[in-house]
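Okay, so subunit A shows up in both of these, paired with subunit B first and subunit C after.
What follows is the complex of A and B.
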């Protein structure tokens, strides 16, 4: 019997966030059973999926010891440019695919610029991406003259609305990327190189790991993820705007941290971030469901972040930090 | 006044799963230099940490100046006049030497810190110790050796009656070591007692009045140093007799695998040329700062070189990065295993396989099973002592950490290995194992460059010696020519 007890004990000690998540769901089931309706779950998962793809990339970046503050601007640019291209190029499958690819190339180009600045000039990622983020936001404003760009592309609409087995298509896209990210980080030399770079950059370099490549490619991955998130967002909203998703970068960091990946780099896992972002959204939506007004929402987000991280720090006796 | 300044009686300390110290009694006379020797893990550090209040003994008593006493924490230890000089630096790098010396007691005048007075007093103090750097210099501008001296000055500034020095010379050059030894002898004359922990037995014989030998948490012997011999001490430390300090090797040298021609790094090294053969151990001797590490960094692609040609296996190569160097079959064991050799909070498996993940791929992807098996095989081959391969590198002793660094480079299958200070800060037993390993590797046809500040070691192990001084190659000696005197006179020639 001892083993069973210790398994539970270990679980409580090691996965407090997952436990908190389960606990909150159970609580909602008791207080407000309608919270766990199919529609509500589907909707929460759509939000989780759109930001989740970027959160995966941010987690990988943090594991590598990097950071991207331009993510939100890149995400917004992705939406805007995608809508623009969809409108310009028409509704044939080829045109839509081309629009997606060109948009992704543009968001990845932002990543390339970020990566070059960070690797070549050695300016800290925090500062470099803060600056490029502002520039890109300004560029988007110029490009749209501050207006929202919308699209009425029927396929895009279908992507945003369609479901399979009760879940949105967007959620399956997210699940696909979770699997991909987990696989790359666990089973490839590239992923291991990222871990080593974040764990001890000097030691990694002196072990013959190409740390420049690691540090550069992470920004391209971030750009790619921002583009994918942007496209998913367009599917849902059928519009793009500089004003959409300004909280993306920090929400992604919050999901990473709540999940239990330390900001110091070298450790953590994308799966933890999935739990992190699920918990964040379930709490947001749950509190809204219980009747908290919209304006309180932002405040609640901050409190949620602090509470979860504190509980986690307490349960693991700060070992994770 | 009691004869003994410090008596530790029947000290026992248990950690979960291990008895670190068992019934250890340790007495230091007033005004003597008392050497404490033993392999890593023998219990020296634990004993000193009990003295310093970091740990509490489970059993036993501490008597200071004839009075039984309890030391609960480091502040109490300080208040009782016990000073400790650690290997690790506890200095604030962005502050000046003077600020570091006076950090807890900055003198004030009219409510403000009197910088002039501090700098003047600090400088006078440094001069009186014979240290040749400025009190106003920032710590980050100092070399590792100078930092160690600052660390020592910090303790001396406190007027302690008992000073513990843990491997104080491990990062010092010969000149600075001399300064330190004079200082220690002066302290002794002033009646201050010193506990001197060192792996370097020459130092023990030079300085210590009494030597206590620990092994596996027990005192094996404690006797006047004059009654002991080097072999006796080593035998007691490792619990077996060690025949020769440097194991013998006989093997054929093969073809030239590495040829370095006039490598220059502006301002650091100039026109360095040498050849390295298969099966050879080539020693790099010279003082700290003579450019040995800088040559290694250039060959390994860790730093750029501005002029010169490197040939590997008869083929000209342009090495711009470490991964390129690795692909050419060159590996570098850095001199600082903690900072640049290991990822300390990764387990042994990840640390070992990092240099060659291709070997642990099955159908193109990393297999944790294959990783586990290979890491296990390498750790057994190198006799790495660890409860589990999942253990974090940070939890291993220095000798075992160094073996992990070796394992990682053996794992990479490179043919040319550059070893920068491969035995720094590790105990006699582990050193001998590393020497044997080096010989084995040479016999298997690897080519080795060994950089070492320990003259006997680099002379004893090398087939040939390159001596550097002031960034230039000042000589090349074969085994017969390489006497300590010959090497030293070259090393200081430029």
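What follows is the complex of A and C.
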């Protein structure tokens, strides 16, 4: 009996944010039982899947002690360029595959530039990616002249609308990437190297891990994930614009932190982030479901981010001395 | 031997760029722009640039405080939007027959600065309590930006507010040389505080090493709180002057101000890692950006393409700082 109490106590102490969310979901279920309808769950899972792929990459970056603020711009660029290529190259399977690959190469190229700036010039990742994000946004605006780019490709439409066993195709893509990310981070040398790099960079370097390569490859992974998220988003919206998904980078950070991966690096897991992003989207959708619209919704998103990061930072405040 | 000479030359170039680069940049930009459009050098154009960038200047001076103390404040833009819409509400409500009374102008000024101080105080309190570093300052103040921006939206329901006054003291705040004067006064006071007071010296100490500052017995939390409070006050003041200068207020008024302020601070040679920097250089940085952006406008570069320039300038300024630091480290090692 006593041990049970202490287990609960430890859980409350360690995961206050998680607890708050679980409380919220239960509250939602009581207030609006229709919130847990099949369609609603399916729709929430689609949003979770699109941002989730990027959130996995952001988690890996945070574990490694890096960060990417250009993710949102890269995501938007991915949508725009994918739509552009789909329109330019036609609807044959080969052309669509080529469009996807070329788009992914372009978003990964942004990652390469980020990685080179951070690793070679040693500019803090925050500043470097803030700057490249601004540059890429400007470039996307010049490229599209500020307009939205749309596509009427039937295969893309089918990918966004189709379901298998009640779940969208996009959700299965996300599940695939979750498995891949978990496998890489847990069972490969590369993944363990990333944990070591984030935990203590000097110690990792002394034990023979190529720290520079680890840090560099993180940014390429982030670029890849932004491209995949962008392609998934195009499947859903059949359009791309600089205005879509500007909150991506910070939502991914929030999902990571809510899941329980601290911003200090070296700890955490991608599976926790899956829980984190699920909870965040249940909250966002729940608020919309309650009829809270527009700026109040934005305000609550901001407050969520503020609270979550503050609590996380408060818990780890001693580690920063 | 040769490599030593080489590195000495490289060091000279870098330190020369840091000492004189800003003034050099202003001269070159002015020259190029004047050759293409002689009107660039006219007194009227110069005053226009100074006036337009005085509010960014005031915000940048506040940002410099946050950055020198080892933090950052991304909520500056929203704070300016919030003070802008509230200032306009006060002035429009007090306006009688298109004249804004002097008392309302002073009230708006006071309320604006207090509002800014309030946002800054929340930022400072959270960051002091959680002992946040750059990563935390970044995300926490970014979240504040979202929240404060949404509050501004909620207050005016997203509507654009036009000025209902035609004359009065409030209009004077943004006319002629007054905004520049505001900036100069703020700069002088802030530079004085930074260099001559115990708080100012503590701020440098804190920014270069929080651990050392704590061990030396500094009131770390208090200093951090004050730095962010001052940053917020500057943003509030900037918000009031923007409204007076532009003659309208919207929730987008402060958009991108935090980025511009950060660019100006970085260009001014303040290390974004904290612990160094000066207000005078920040003001010079503002001038460089002001001259450059105006020159780009004259050359017909669109605002979207200007984003590319802004981002590139941040990378270059920070790269120069990092290069300079690594050289100093190497020098110490030798």
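In the analysis below, the second predicted complex is superposed on the first by the 278 of 321 C-alpha atoms of A that agree within 3 Å, B and C clash if a C-alpha of one lies under 4 Å from a C-alpha of the other, contacts with A are read in each partner's own complex, and residues count from 1 in each chain.
Please note the rule applied: a residue touches a chain if its C-beta (ideal position, glycine included) is under 8 Å from a C-beta of that chain, and two chains touch if they have at least 3 such contacts.
Remember, it's a predicted structure, so these values are computed and weren't measured experimentally.
Touch criterion not met for A:118: it reaches neither subunit B nor subunit C. Once the two complexes are overlaid on the shared chain, A:188 sits against subunit B while remaining clear of subunit C. In the superposition on chain A, A:209 makes contact with subunit B only, while subunit C stays out of contact range. Once chain A of one complex is fitted onto chain A of the other, the partner contacts of A:282 are absent, as it touches neither subunit B nor subunit C.
In the superposed model, A:137 makes contact with subunit C only, not with subunit B.
Between subunit B and subunit C, the partner in contact with more residues of subunit A is C. In the overlay built on the shared chain, the residue A:296 is in contact with subunit C alone; subunit B does not reach it. In the superposed model, A:96 makes contact with neither subunit B nor subunit C. Annotation: subunit A has no residue touching subunit B in one complex and subunit C in the other.
Interface of subunit A with subunit C (complex): residues 67, 117, 121-124, 126-128, 130-139, 141-142, 146, 250, 253, 263, 294-296, 298-299, 301-303, 305-306, 309-310, 313-314, 317-318, 320-321. Within the complex formed with subunit A, the residues of subunit C that make contact are 126, 129-136, 138-140, 142-147, 149-151, 153-154, 158, 210-211, 214, 259, 262, 266, 272-273, 302, 304-312, 314-315, 318-319, 322-323, 326.
Taken in their complex, subunit A has these residues touching subunit B: 186-189, 192, 195-196, 199-200, 202-210, 212, 266-267. On subunit B, the positions that touch subunit A within their shared complex are 300, 302, 321-323, 325-327, 331-332, 334, 339-346, 350, 354-355, 357-358, 361, 365-366, 408, 412.
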